[in-house]
Amino acid sequence: MIQHIVLYPIIVHLLLAILLLFSWNSIKIQKIISAAGSVLSLLVAIWLFSTVWNEGTLTIQAGNWEAPFGITFVADAFAATMVLLTAISGIAVSYFSIGTILKARLKFGYLPILHFLLLGLNGAFLTGDIFNLYVWFEIIIISSFVLITLGGEKKQLEGAVKYFTLNIFASVIFLTAVAVLYGLTGSLNMADLSLKVAAIENRGLVEVTAILFLIGFGIKAAIFPLYFWLPASYHTPPPAVSAVFGGLLTKVGVYALIRVFTLIFVGDAFLETIILTLAGLTLFVGAIGALVQNNISKIFSYLIISHIGFMILGLGLYTEAAIAGAIFYIIHDIVVKTNLFMVSGLIYRLKGTMSMKNLGGIYAKHPLLSLLMLVPLFSVVGIPPLSGFWPKLSLITESFKIENYWLIGAIIFATFITLFVIARIWAEVFWKEGKKLPTIQNFRYFHLLKLEKKIQILGPIAFLAFISLYIGFGAENIQQLAERVGTELMNNQLYIESVLGNIKEQP
Amino acid sequence: MEFLLAILIGLLYASGLYMMLRRSLVKLIIGLILLGNGANLLIFLLGRITKGKPPIIPEESKFFLDAYADPVPQALILTAIVISFGLQSFAIVLIKRAYKVVKTDDLDQMNSTDEFS
Amino acid sequence: MTLHDYLYYILLPILSFSIVLLFIRFLMGPSIADRVITLDLLITTGIGVIAIYSITSNQPTFLDIAMILALIAFLGTVAFSYYLEKRNKNE
Amino acid sequence: MRSRFLSNILLTFIWVALTGSFDLLNFVFGFVLSFLILWVITLGKGESKYFKILPKMIAFFFFFLYELFKANLQVAYDVITPKFYMKPGIIKVPLDAKTDLEITLLANLISLTPGTLSLDVSNDKKVLYVHGMYVSNKEKFIQGIKQGFEKRLLEILR
Amino acid sequence: MKTIILRTASNYLLPLLLLFSIFILLRGHYLPGGGFVGGLIASIAFVLHAFANGLENTKNLIKMHPGFLMPVGLLVAFLAGVSPALISNLPFMTGIWFPEPLAVIGMVGSALFFDIGVYLVVIGVSLTIIFTITESA
Amino acid sequence: MSDIIIGILATLGTLFVLLAAVGVIRMPDTYLRISVTTKAATLGIGLILAAAAIYFNEISITSRVLAIILFILLTAPVGAHLIGRASYFIGVKLWSKSLIDDLEGKYKKSTHELKSEGTEED
Amino acid sequence: MLTAILTGFIFSLLLVVAGKYIKGKAAILSALVPLGLFIYFLQFTRQISSGEIITKTYEWVPSLGVNLGFTLDGISLIFTLMITGIGFLVFAYTATYLKGHEYLDRFYGYLGIFMAAMLGVVLSDNIISLFIFWELTSISSFFLIGFNNKEKASRKSAVLALSITGIGGLLLLAGALILGNITGTYSISEMLLSKDLIAESSHYIIIVILIFGAAFTKSAQFPFHFWLPGAMKAPTPVSTYLHSATMVKAGVYLLMRFTPSLGNTELWNTTLITVGAITMVYAAIHTLFRTDLKGILAYSTIAALGILVFLIGLGTREAFVAACVFILVHALYKATLFLVTGIIDHETGTRDVTRLSGLRKVLLPVAIAGFLAAISNAGIPPSFGFIGKDLIYEATLHFGNTGVLLTALAIITNILLLYAGFLAGIKPFTGKLPQSFEKAHMPGFLMWIPPLILAILGITIGVFPSIVQDSLIQPAVTAMGQNGSEIQIKLWHGFNLILGLSAITIGVGLLIYFLFKPSLKLEKGIAKFDKIAPKSIVESIGYGFGQGSKKVTGLIQNGYLRYYVSVIILFLVLLTGYTLLQNTKYVIDYDSFSELTVYEVLTLLVMAVGILYTVFTRSRLAAVAAMGVVGLAISLIFVYYSAPDLAMTQFSIDTLTVILFVLVLYRLPKYLKLSDRKARIKDGILSVVFGSLITVLALEVLGEPQGSQITDFYAENAYVLAKGKNVVNVILVDFRGIDTFMEIAVLTIAAIGVFSLLKLRLTKKNRK
């Protein structure tokens, strides 16, 4: 059964996590398992992706119960893409973690939890069942709670309290929304829900349900005005953790929003207006947040928020091209944001601080490293033709088509501030003359590390930099992918048929 | 009965929220627990409630002989309850640890990560 | 009046009323020990309610819940006692 | 070893009773299961005269029921009538019971009967502190316990 | 807590509760119960024991770190889940069954093993959590 | 016939439970409340459960009912002992009309060791 | 052609690898790159002058309509030759200027990228690829301006320049996309075909504004000019290359390029004339108050850019001819002057014009170059500048009613430009040589040959204007949409009004040069007005915006969790409340509800009070116990309504939670009364509203029909297919087994979290 491969990305990480738990007592073995497993998961993701690309949407009914009775897993182009991105980002973070995470943290389950997190992400992307999606979300948040608190430092805990509370709160809202949805339709299968929700006469209730989903997922996606947890916490854990958070976690919220609003709640003008408004405000508020920060990790946190606006904007515009733009942006953003936080980790390794005030001199001392870091830094701005640039073409064009100049303004504003902020980072962190390195007990600066460690740190950054360069220069391929996803999402009967098709044929 | 239950669920949501808005960590966690209970009961209620007919097939039979309660919401709630248990235990330990490290139960004093630095 | 009706309309309300009474004591306290006792007793009464309810709805399944309640209720009391003792020791 | 075996048998019976299926296979299954559990947890002490004391146990059971009802009614009267007739207090009851099991069973039985509550056993296991509702005569109270429950219980257990 | 009464009682309650937990586990497919509640009861048995006898004694009793049960349980559940794929090329989590019911237990199939996995994980989890908290109290 | 037995058992049980509830409300101190209620409730619940066992008249159910009763009998007094003891630690006062307190001063404060003789030394 | 553009990039990439080798004597070899390109483009001259347009298209991102489409026409040709030609000289000059500099390789790298990007800008036919290259010029200029990055001022200027040109670039992008949207193509040449469509479009204004935004920022038009003087922090070759000859002209190029498709409208012409005129006059006046040679040249560059914009704005054929000529004129003399300044700076260590004099004695060839350039700058015959100036006056004079005014402005500008040119090209060399400069000596020939070449070219073309007339100017003007009769550029037009104006210009200019002495005092004097200068205004707007942002961010992200929760809830309540109010039926279907029974009501009552007690009690322990009561009540509800498994689980989990709480609690402090009455009331109201909303929602949903086919399926198949009778359990372990699987995974993770949270303490020891 070729459909089996839909579940492979899940199974691989599940098995990895279990194996890692069995090797609790040996960090060395854990590292080997994680490293090898990440490669395996990348191969699986590529396999799944190419199969979906060539053969179209794949579905598998877990437990062999035909939809909508069991839990369906669906790998359409969107899901397969997200799984692939997770694998790419995951392999980078896995290696980076092996190189940078304190032994003490590794001893307390860092790697198993990391793979649980990746498991949750893959599950969330592949599931075709709304409640099952909730469960995957829970896997994701509990893993992230553990990762964000692992080590239990003061700032970690303070950040974690907010992160925890607001994310749990989001889950409650999500669950509430599922309750209402089940109450209205008696179904959980998303394809089935699509049909049933469309048949509900009381559109007001449908709209309220949609708003609940918007808020539940919106908190996780960190859109305005629901993003508070993100700036409070993302800078607190080790950079490897921030990297996987920054790259993937908010994106799963975005994914869910896009999925739900293209499959189940479609064509509600009021909601589209709201989403567009929120997108614009997210772009704006995130940008000014980034503008005023001094800690590079915090700057990146706010950039995450701001740029979520681009993705939400694509959803709100609700045309094939706009959704394609959002998808392109997601692809770019996952790779680049993951890398940015790893870069912040590298900077910390080099200089022992993340405060712009005290940073400096990296360019003079490490020109090649600086060049390497330049790639994600400039990609995030979207300096053409780097990766962040391309999706904006579709987004601006589509905003123009509805003659919403505010949105164009927001896009330009956010891009400009990003440009400004990155230029300032370059000037302050790389150009400015370096200060004396602070002495931190038991901290090993980059230049003191063994070559092996250096490679573990630089390898992932270079790998993702290479990917983002590919996204930028090979934009045609990415755009074709994004357009295909956009087309599939905007024609949701494709999805529905691939899930429920068999049932319809049988009388 | 549904009417009263709906009000009670509203009460759970309201109390949960109110507790979350307090400044105490302990209250915050209690609030989250109350909210979680509210959500579970909401699934239960909206899945439509049936009295005295548990979804268990009688011993002698292979099917249900008469009306029975919808098992799906029950299964969902079970999963949700268990998951919230996991989260709650983590939360409870988190407050313990946070208190030990930050040395306060007052949430208002835990905002260093939001300060400009 | 059938047995079912008797149980359902007379005994069940009485048991519920007992629950309310117990709950009043719970609210009154005054000591935490009182609350723990009443909680324990509330659960025990709950077992009674369930047992009667299982008769009236002709569902022996519910007795299984009573069984779980009987098993676990005790642990709460143990925990509270543990707490009170430990707190007292530390003070 | 023998006590382990007895515990095993006891648990097997409980299993059979729980599952409510009295066929041989269930016995075997229950036995194996109990054996495994005991193997896992290695229970402390068991008692040896398990079967000899069965008749005494039954007698004791009825005695206990009688006490339970009697005392319950007494308390009921006190609870229902507006005036309290009780004279409560905490009494130190010296123990003849020696082993943990003996002491525990005794204490529990005392607690189960209304009007009395075992509060604690001294660390040297010599005395049991009992809260009683009617302790106007301390000696009579102590003797009531010692001659009633303790004596009968020890007869069974020893 | 240093009380003879509780300690003695808990020593007797422990096997009883464990037995009971397995009972609940096995009947879950037919009546209320199942791996989750079963696991909870089992862990409650140990927790009770720990309250009465001190954590160290309980830990010695179990002979291994309860956390070890988590991967074991997960693996059991995992194998139960993938067995249909490996054995009959059916999707993950498809129920496969031995053709004839077993005495006492009833139908034996992947679902039962899955539930056993759940049972083990729940024990591992509850005990890990409670023991850890008690230790650091 | 069995209906009548069931009715009687259930009624008695219910009344005992009610009695326990009233007792809890009325009793003047914590120890008395523990004392009164543990058993009234135990007895009451036992009776109600017995009624259920008779009603369903099935061996598996009966044995389950017995198991429940056994459990309650096992645990209720232990619980009462624990909470009663704990009340004493936290200084819950006896009713003012209580006659004796043999326990006074017998607990060593720091360790909760309970002596059989004498009063607290330190 | 792609290769030609990529050459620069490849060259730069090579430098990353082989940078070491270029630092030494091999530096000069890098000048071969622009030279080669210059020759490459030169060979197109004949084709272009014969009216051909060379196009090449390479596919890149066809899905987005973005191709690497290149067009070489008259406009492009002028620019490509300027870019590569001056580039060659600057590259060569740099080899000596920065000889032995630690980062010479980087410098060449940036220059290479810049050159390539600039070529891309002027060759792109696809407007998006034009934008891409446009941004690359901004970026490479960022690196060049910040080359001396240890200086704070350098860094600041670099960021400022990038910001201004960057935002301009984004406007260009928006404009480009809108244009593409209206015309259905991103090809500039194809857009020409839709000229009417664009002009009639309601979006014409916005397009023009966006394009102007891009052009004005890049070409330093008032009020966006201020980044340019700051950019003079860059090494002199950069100032020469970017900030006089090439990059700043990208804006002008853009305007020229879009003149055919967007131009010839009131909006277009008036704006350009106005902005250009203000810029040229404003900047020209500024030259009077500068003492730093580079400062003087910077402002005169701005003025020149103003003239160009102004000319394009005039929109006449004569104006276009003048513009094309002036671009070349300016490039030649301004580059020369910058290079000369660089030499002076290099040899004397100062650029202060008040201190410089008599250098001809030590730097004679340089002095010649300076002199020639100043002549051309001044428009004194027989320089090329003279032709340029004449053409300008011709264009303004023939411009309708306002011709006189415009001519006057042009004259003022030119007078001041003359002054500036003399100051830079002549003043340092005349007069007495101060002692301190006696040690100055001629630099290596690579430094003085390039300015001399440019200066001589300035005169040569002046004498033989036909060199450029047919090959460059004619095709360029044609490309701007003016393909009328043949252009005649001549040095000598005879005695006419224009000659008179020229004479006045030169005369007054010389007068000022000899009478007016620049001084620091004056410079400081005018500094008073800096407060109202656009730079200050923009900077204070920027500062204010920064402060505002800080305030807003601090206000939004204020650190108080309860505030975060309130905002989210408020948002939720407003949105859902609004929707519910719009749609609620307010009809509750009581009939479908089950009957009320005493025991249920009492259970719910206990539960409700229990909840309230949990909330309001002052004792944490009591709250935990009350949660136990609530849990029991919920379990009972589950029992009443047929959910035995739920009741069991709910109860056991509640017990466990209570245990956990109890185990943790005694380490925690007692509740403190932390929030005041007002806050409690406010929160109370919000909570009640939220709760009511959920209740209303629930009742509304209950009023809708629901029939679950899923349920029926489970009920029928639970035993037959899944061999279980407890359907809930069958769902858990079979139908929805994956949910359960992940639920135990959640538990496992939580347990690990608890374990690590309590056991792992990062101490100094394990913080390695």
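Remarks
By written order: A, B, C, D, E, F and G. Residues from 1 in each chain.
Quick note on the criterion: a contact is a pair of C-beta atoms (placed from the backbone, for glycine too) under 8 Å apart; a residue touches a chain by one contact, two chains touch by 3 or more.
Each chain and its UniProt protein: A, B, C, D = Cation:proton antiporter; E = Na(+)/H(+) antiporter subunit B; F = Na+/H+ antiporter subunit G; G = Na(+)/H(+) antiporter subunit A.
Values in this document were obtained by computation on a predicted structure and should not be read as measured data.
Between chain B (Cation:proton antiporter) and chain G, the least number of touching-chain steps is 1.
Separation of chain F (Na+/H+ antiporter subunit G) from chain G in touch steps, taking the shortest path, is 2. Ranked by distance of CA centroids from chain D (Cation:proton antiporter), the top chain is G. Counting C-beta pairs in contact across A-G and across C-E shows that the higher total falls to A-G. If you average the CA atoms of chain A (Cation:proton antiporter) and of chain C (Cation:proton antiporter), the two centres end up 48 Å from each other. If each chain is reduced to the centroid of its CA atoms, chain A (Cation:proton antiporter) and chain D (Cation:proton antiporter) end up 62 Å from each other. Rounded to whole angstrom units, the spacing between the C-alpha centres of chain B (Cation:proton antiporter) and chain F (Na+/H+ antiporter subunit G) is 32.
Each chain gets one centre point, the mean of its Cα atoms, and the points for chain D (Cation:proton antiporter) and chain E are 30 Å apart. Contacts with at least two other chains are made by residues 20, 25, 28, 38, 40, 42, 45-46, 48, 51-54, 56, 70, 72, 76, 78-79, 82-83, 86-87, 89-90, 93-94, 96-97, 107, 110-114, 116 of chain B (Cation:proton antiporter). In chain C (Cation:proton antiporter), the residues that touch at least two other chains are 15, 17, 19, 32, 36, 53, 61-62, 64-65, 68, 71-75, 78-82, 85-87.
Residues of chain D (Cation:proton antiporter) in contact with at least two other chains: 14, 18-19, 21, 107-108, 118, 120-121, 123.
Chains that are in contact with each other form these pairs: A-B, A-E, A-G, B-C, B-E, B-G, C-E, C-F, C-G, D-E, D-F, E-F, E-G.
Here chain A (Cation:proton antiporter) touches chain E in the complex through residues 1, 3-4, 7, 11, 14-15, 17-18, 21-22, 24, 60-64, going by the rule given at the top. Taken together, the chain E residues at the contact with chain G in this complex read 28-37, 40-41, 44, 47, 67, 70-71, 73-74, 77-78, 81, 92-93, 95, 97, 106-107, 109, 111-112, 114-115, 117-118, 121-122, 124-126, 128-130, 132-137. The touching residues of chain B (Cation:proton antiporter), counted against chain C (Cation:proton antiporter) in their complex, run 51-54, 56.
Of all residues in chain D (Cation:proton antiporter), only 14, 16-22, 68-69, 71-72, 75-76, 79-80, 84, 86-92, 107-124, 126-127, 129, 131, 133, 135-136, 138 touch chain F (Na+/H+ antiporter subunit G) in the complex they form.
Residues of chain G touching chain E in their complex: 644-645, 648-649, 652-653, 655-656, 659-660, 663-664, 666-667, 721-726, 728-730, 732-734, 737-738, 740-741, 744-745, 747-748, 750-752, 754-755, 758-759.
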